[in-house]
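What follows are several structures.
Okay, so chain A shows up in both of these, paired with chain B first and chain C after.
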Partner chain A sequence: MKNGDWRAESVLFRATGALLAGLVLLLVGWVIFSAMANAGGAWRDVLENRLLGHLWQTLLLASGVFCGALVIGLPAAWLVAMHDFVGRGIMRWLMVLPLAMPSFVAAGAYLEILNGMIPFYVWVRSSFGIEAFLWVQKIMPWVFSIVILSATLFPYIYLSCLAIFERQAADAFEVSRLLGVSGWNGFFRVGLPLARPAIAAGGGLVLMETFNDYGVVSAFGLTTLTPGIFRAWAEGEWIVAMRLALLLMVIASVILAVEKFQSGRKRFVSSDTERPLARVPLRHRNASGVWLLAMVPVALGFLLPCMQMLEWLWLTLHLLDWQGHFSAAWHSLSLALGAALLVVLSAAILVVGARVLRSGMLKHAQAISIAGYSLPSAMVAVGVGAIVTSISQSSQLFAGLALSASVTGLMLAYWVRFMAVAVQPLSAGLTKVPETLGEAARMLGERPWGIFFKIEIPLMWPAFFVAAALAFVDVFKELTLTLVLRPFDFETLATRAYRLTDEGRLAEAAFPGLSMVVLSLLGLIPLLRWMGRIRA
Partner chain B sequence: MSTLVIRNISKQFSGNANPALRSISLDVPSGKILALVGASGSGKSTLLRILAGLEKADDGEILLGDEVLFSKQRSVPAERRGIGMVFQNASLFPHLTVSQNVLFGIRQMARVKQMQLLEEMLECVGLQGMQKRYPHELSGGERQRAALARALARSPKLMLLDEPFSSLDSRLRQSLRDETRQILKNSGATAVFVTHDTSDALAIAERIAVLRDGELQQVGAPQEVYHAPANAHVAAFFGRCNFMPLRSLAHPNGARMACHIGPPGTSDSKPELWVRPEDLELVPPQSEILTGLVTQILFAGTHQDVWLECLSEEGDSISVEVRHHSPIVIATGERWGIAPRPRR
Partner chain C sequence: MLRFKFNYVLLSCLMLCGGMSHGEEVLHIYSHRHYKTDEKVNALFTEQTGIQIKVVQAEADQLIARLRTEGAASPADVLITVDAGRMQRAAAEGLLQPVVTDFLKNHSPEAMRDAEGKWWPFTLRARGIVVAKDRVKVGEISTYQDLAKPEWRGRVLSRSSTSSYNQALLAYMIATHGEEKASEWAKAIVENFARPPQGGDRDQIKAVAAGLADACLTNSYYLGLLLNSPDPAERKAAESVRMIFPNQGAGGTHCNVSAAGITAHSQRVPQATRYLEFLLSEQVQRLYATETSEHPVMMNLDYSPILQSWGKIEMDMVGFPQLGKHMEAASRLFDQAGWK
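Presenting the complex of A and B:
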């Protein structure tokens, strides 16, 4: 059903799509190509001594975090969507709070707790012997890592399951109640099957974030693939780094393929009924139990780290290096704003362009943007880093632009990595705008740009805010890409917090850490308001 | 002059086994209203969209007046065809007021002219005073009228309407239908509207084109299409029709009167009479006329629909439907004679 009428106008749209797709393909191609070069002894060393460890640690961490996030997020979404109890409305958005806490910032707070566990170790040793003590000491970092990542990432599963339960489960659940199936039974027989695509979607995000995590695992000394890639990169063993990155990408692709398979097979007729869902009230005793349980992950993922950092901030207030902090904050803000703008604009071009121009090419570009999101951060980092370095080394002209090349590289990396974050809400918003409106405008003499600006965009405003907010928060909290690609002596709040934590100056890391939490919270407000607009 | 000429328009969507449109040709005289009718999937909406320029035909020609809108060599883009279109559920822009909607297509005119046209249009469709309202504040009928005003504001030579009344309830439909006809005639534009509702077509249109599976079955005035259908499909489409394996139908007074509407031409294989239920009446049973047993009765307010089981000359069982207007009460199980009802 292509039209072919607007070839001239579509140039900008298709150029954007082609640029993005080209970048992603170049990136993947570069990495694959570099990985095929001769790596010599370094690779053999990794292969024999470290690879297996990287692999099973990555998989173990990923499974642990997935289970943890699932066990927290899914029941929470069910309870909030389907049941009525005191303070339900508040809990609904309270559960989203941990999204504002970057995992590695929480890790810093928990490191302190880990360090303070010596009396516990002593007790274990004296009660259960040295074997038990060694074992406990070994698994503690794992326990902490899994708990922290689960507690900060579960909102992804919570939100996607909540969306499905609130919109589509209403009818199914009401029918099942009339047929005598409710409560736990209802959850397992109705809720769980309905939630499968949501679990797949949210779970996919959780797994991607876990693969990409660097701050938490390095704080607790785990050696998953991402720190392995970093290490190789830092040691100058680029080919080793590329190969490890490729391996991570393969694992991530397998996970995403499974997720797609899970969601793709089910098509739900979404209920258009606007009548409010009749929620099952909980008895007070059960309600207090629910609150107690729900507060555990929120405390672990948000409240406790915040409190620890506030205490540190109070203690170190007089020591603060204000200039360093503000410079880092300024860098964080400008990068996040610039990247959010870039990402949202290009996502708008792709999404709306695909609709107005009915271009299949643009739809493919959308798919490629999602592929960009699925590339592990470490891989995007080393890929873009290699490309930018090669370009700046290849000519004198570019070498002089080292700094700007680096920031450009960083922005390009953000673009590739975070396009999908804007594309999803924008496509969702666009589905609410009937196609006939654009056609009606066309019959009244309007051309593509006119339709774009006068019809589609004004009707999609809320989606723009959500997309911009999500992109802003994600870039703001971003650590991995920034660590690798930033120019020399250029810090963001994220890298600063990481560095201070790494250097053992935990208390001083509180200020950048807390600033990130506060700014993330502000960035989340449009998301929370959008949640509120969906009838609760 | 804005005569619409459609020649050999064909369209096949990739991925579909059957073509959506097979070499459709028809004309709409300037200022007349044509109804495109057919079942879902007959291709009527596709043809309308091709006329609008929202879809491109594979082959054929479209001329409006003396301008070529579509041919193998060129195709004028939809936004330049100067055609007004009213969509199924009005498709008013929800974020704009009624006046902003109506003015949307005429922004390039002088401000004074715009305001003048706005007043005219709103008065023409009966929405005076509603300028500042938003679409969600209007009723379904008001929305359709606003959509009409918006399309007519540009003084189009051709108006296209896609199932304009299908989203309205039946009482509203009638009044809006008549108003729309009046508005269209006043504007002088040539109009094509798509509907699956035959009563809309019969009431408003001056010409009706019947489509089936992408093929044109018949084009003609409403009376023609109703009383002289080209084939059984058209006959059944516009109303109930009995297909009786009989040569003729006798009247009690002995005469054999013409009351059938088909089949067209002479077909000597099997005799078949096409008779509409309203062209039959119930009479006391007699020997030379067709008689039957009443099996079902449906009260329809103005009349009763009565079904009778009869026997043909060959001994086959025929089910005949008769529209019974007289106040005589009919009961199931009774024997009645079926006679042609004169058309005078």
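Presenting the complex of A and C:
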């Protein structure tokens, strides 16, 4: 049976692919085109006074957070994958907990600690003089920002390295043990080189999240590129905002190109037979040390902020604006559920459609949609904002629809930004489904929708859960896009927590903050179950 | 998925319908203010007039951009900001319409309102200097320029330059002393910072009380809010500092306003006018004086013991009308000075 018999389905699948890819290309094109307009004196002011600061702060923060996340995540994955010790199974899951803590929520909790360090600063001034006092004050926000971001983002590196160590590198490790290379020697000579693609993949996510962060850097007064883009946008200097966004995109693209280059080496190290590795038992003394070390990042990235927020919640229960909080929670849930469904369904159309219809066009659409993830959030925000504002201004009819600040614009932005989060797990899940099943069904006369719903999707069900869970949690925690594009008087838990923190009402921010953590944890359950299914 | 998409289309349609409603019972306000007292004021207005109030809160720049985009389709009836400069800009862009009544004229100072009646102030706030009682002698600081002296290195705090309060302060400095002197002042203040700007005005006051610095720039009412705080630690911090109103007898302290104006395309002008007059009523002026420690527009200090303790303030009248004109320059000078 030829593709021509599947004309209707083919058109629908291809149209979806074209729409998705078109959105990403339109967004990038719009930003580039807008950035070429005359920015007047505003760009000159930025060039002279702010651009260098934005650049070095962005690169310094990204380097610091990458190193921090690497130092925590990689050894943790190694120890959990390679060794047996009491509570290992629990630790394996505990290390993922910080993923449920949005960085900017943790920042609110740590602001209180930073403010509480005043006696220390006063002691520095009285002991070492004014210059030491000023220097300590300058570096403390950096220390806090890097620690918070490292402690909440290291699970990306931990998870990607864990997958390599547990599944794909068993042969290499067992051979190295037979040859007498084990322990830390094995880590540096075998584990580290094998983990390079995983470090690149996880590190790429860490860097993208750091570039996109707005809540943490604004809480501690840093002026990286993302707050710079926000500031230009808020001041009405859209061309400046577009240029800064393009610059951030270039930096992110370079990073991701390096990551792709590193990940490309995976084909030389991965084993087709993924079998579990036999673990080496740790002595009790060493196991205690491992537990102590592992708890530090989990405490910093999850437990301490939770405890602070619980204390604040207890103190402010009588002050809570329940209506406002529940309204924000409802908005967060409905946006996250809606976006997750939209993103997963679209990703399924692209991924499964590319295979079922053998469509090169859908494969290209897939690649372009994945590129949407590499677009900085601030760029997606100002790009979508500019597009919908221009449509609003093109006629009175559109102005009345208030497109410029509406859920529609927000959903478009989520769609562009988070497609990759669903495409990648679905692609990985699809590789486990033999192509021959679909071909057999086709020969027996089944239509593409039938193959889609009766064969491919049921066999990929776990991958759907993972994709939906990741998309849900990402959208649920999302702050940058939502701050710019949300309708007026429309708060999500994320924007509410940010606003209350920004207004200095740290204790009142505890309820929306904790709500986000609890709901993110629920959203992570499918991911954790998938981890458990792969390896116990 | 289709149902979700339909729901969002429906939501957008409902927003459109809500926006285009010509019902007389709802006044739509775009406001930068976010205090509980404002909710109380609105509830009182509804109770007394039967007119419902729907408030959309956001930063002034976003509200103004929104009005610009919406044009004649805007549902907003009233714009409220906490910065005269932004109201001046909104008026200059034609986003507000003039409204003048005898009540409004008789209950607001001429020098602090728009000449054409496009916006009316309803609270005043002085940008003063709070100092530690035990570390700063009386008379040691009397002007904004005193804070810039070298002996204050590492002893001064302020919030970020992106705050509209600081931008208005520097715009006032440009209007009264010129760009060059304002630039020198900003650079000197940055040299004297005890830490890079972080937090709001209340954080600066608490940091001064804790000993991190000896002086900070702050709006007057923030000290009042701390003095009235339910938190004993905040009250203690507020009692260990005192407020200075700079430049008394030398042109006056820079003051700003919370102001309200009727939007250019409002379909509910009579209701909006009633609201503006309500904001200037004695009941509401007393409420702001006692609950948020903002000065009443006619400087009725007897409304609040805290305001009485601060005494009468000579307000700058030269720079105030030019705040909007110098905002852009202020932002540029802050960047050049490295004031984050």
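Basically, the second predicted complex is superposed on the first by the 517 of 536 C-alpha atoms of A that agree within 3 Å, B and C clash if a C-alpha of one lies under 4 Å from a C-alpha of the other, contacts with A are read in each partner's own complex, and residues count from 1 in each chain.
FYI, a residue touches a chain if its C-beta (ideal position, glycine included) is under 8 Å from a C-beta of that chain, and two chains touch if they have at least 3 such contacts.
Just so it is clear, the structure is predicted and the values come from calculations on it, not from any experiment.
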Chain B and chain C placed together on chain A: clash or fit? fit
Partner touching more residues of chain A, chain B vs chain C, is chain C
Once both structures are overlaid, the C-alpha centre of chain A sees chain B and chain C separated by an angle, to the nearest 10 degrees, of 160
- [ ] For A:Q424, select first, second, both or neither according to whether it touches chain B, chain C, the two together, or no partner.
- [x] neither
Next item on the list: Using the touch definition from the top, say if A:M411 reaches chain B (first), chain C (second), both or neither.
Entry: second
With both complexes superposed on chain A, which partner does A:F133 reach: first (chain B), second (chain C), both or neither? second
According to the stated criteria, A:L437 is in contact with first (chain B), second (chain C), both, or neither; which is it? first
For chain B relative to chain C post-fit, closest CA-CA distance rounded to the angstrom comes to 26
Where chain B and chain C land on the same part of chain A: residues none
Interface with chain B, chain A side, in the complex: residues 1, 3-6, 434, 436-437, 439-447, 455, 458-459
Per the touch rule, the chain C residues reaching chain A in their complex are 1, 4-5, 7-9, 11-12, 15-16, 19-20, 30, 34, 55-59, 61-62, 65-66, 69-73, 153-154, 160, 162, 193-200, 202-203, 206-207, 210-212, 331-332, 335-336, 340
In their shared complex, chain C is touched by residues of chain A numbered 45, 48-50, 111, 115, 118-119, 121-122, 125, 130, 133-134, 137-138, 141, 220-221, 223, 231, 234-236, 334, 337-338, 341-342, 345, 389, 392-393, 396, 399-408, 411, 487-489, 503-504
In the complex, the residues of chain B that touch chain A are 13, 52-56, 75, 77-80, 83-85, 87-89, 91-95, 104-105, 147, 150-151, 154
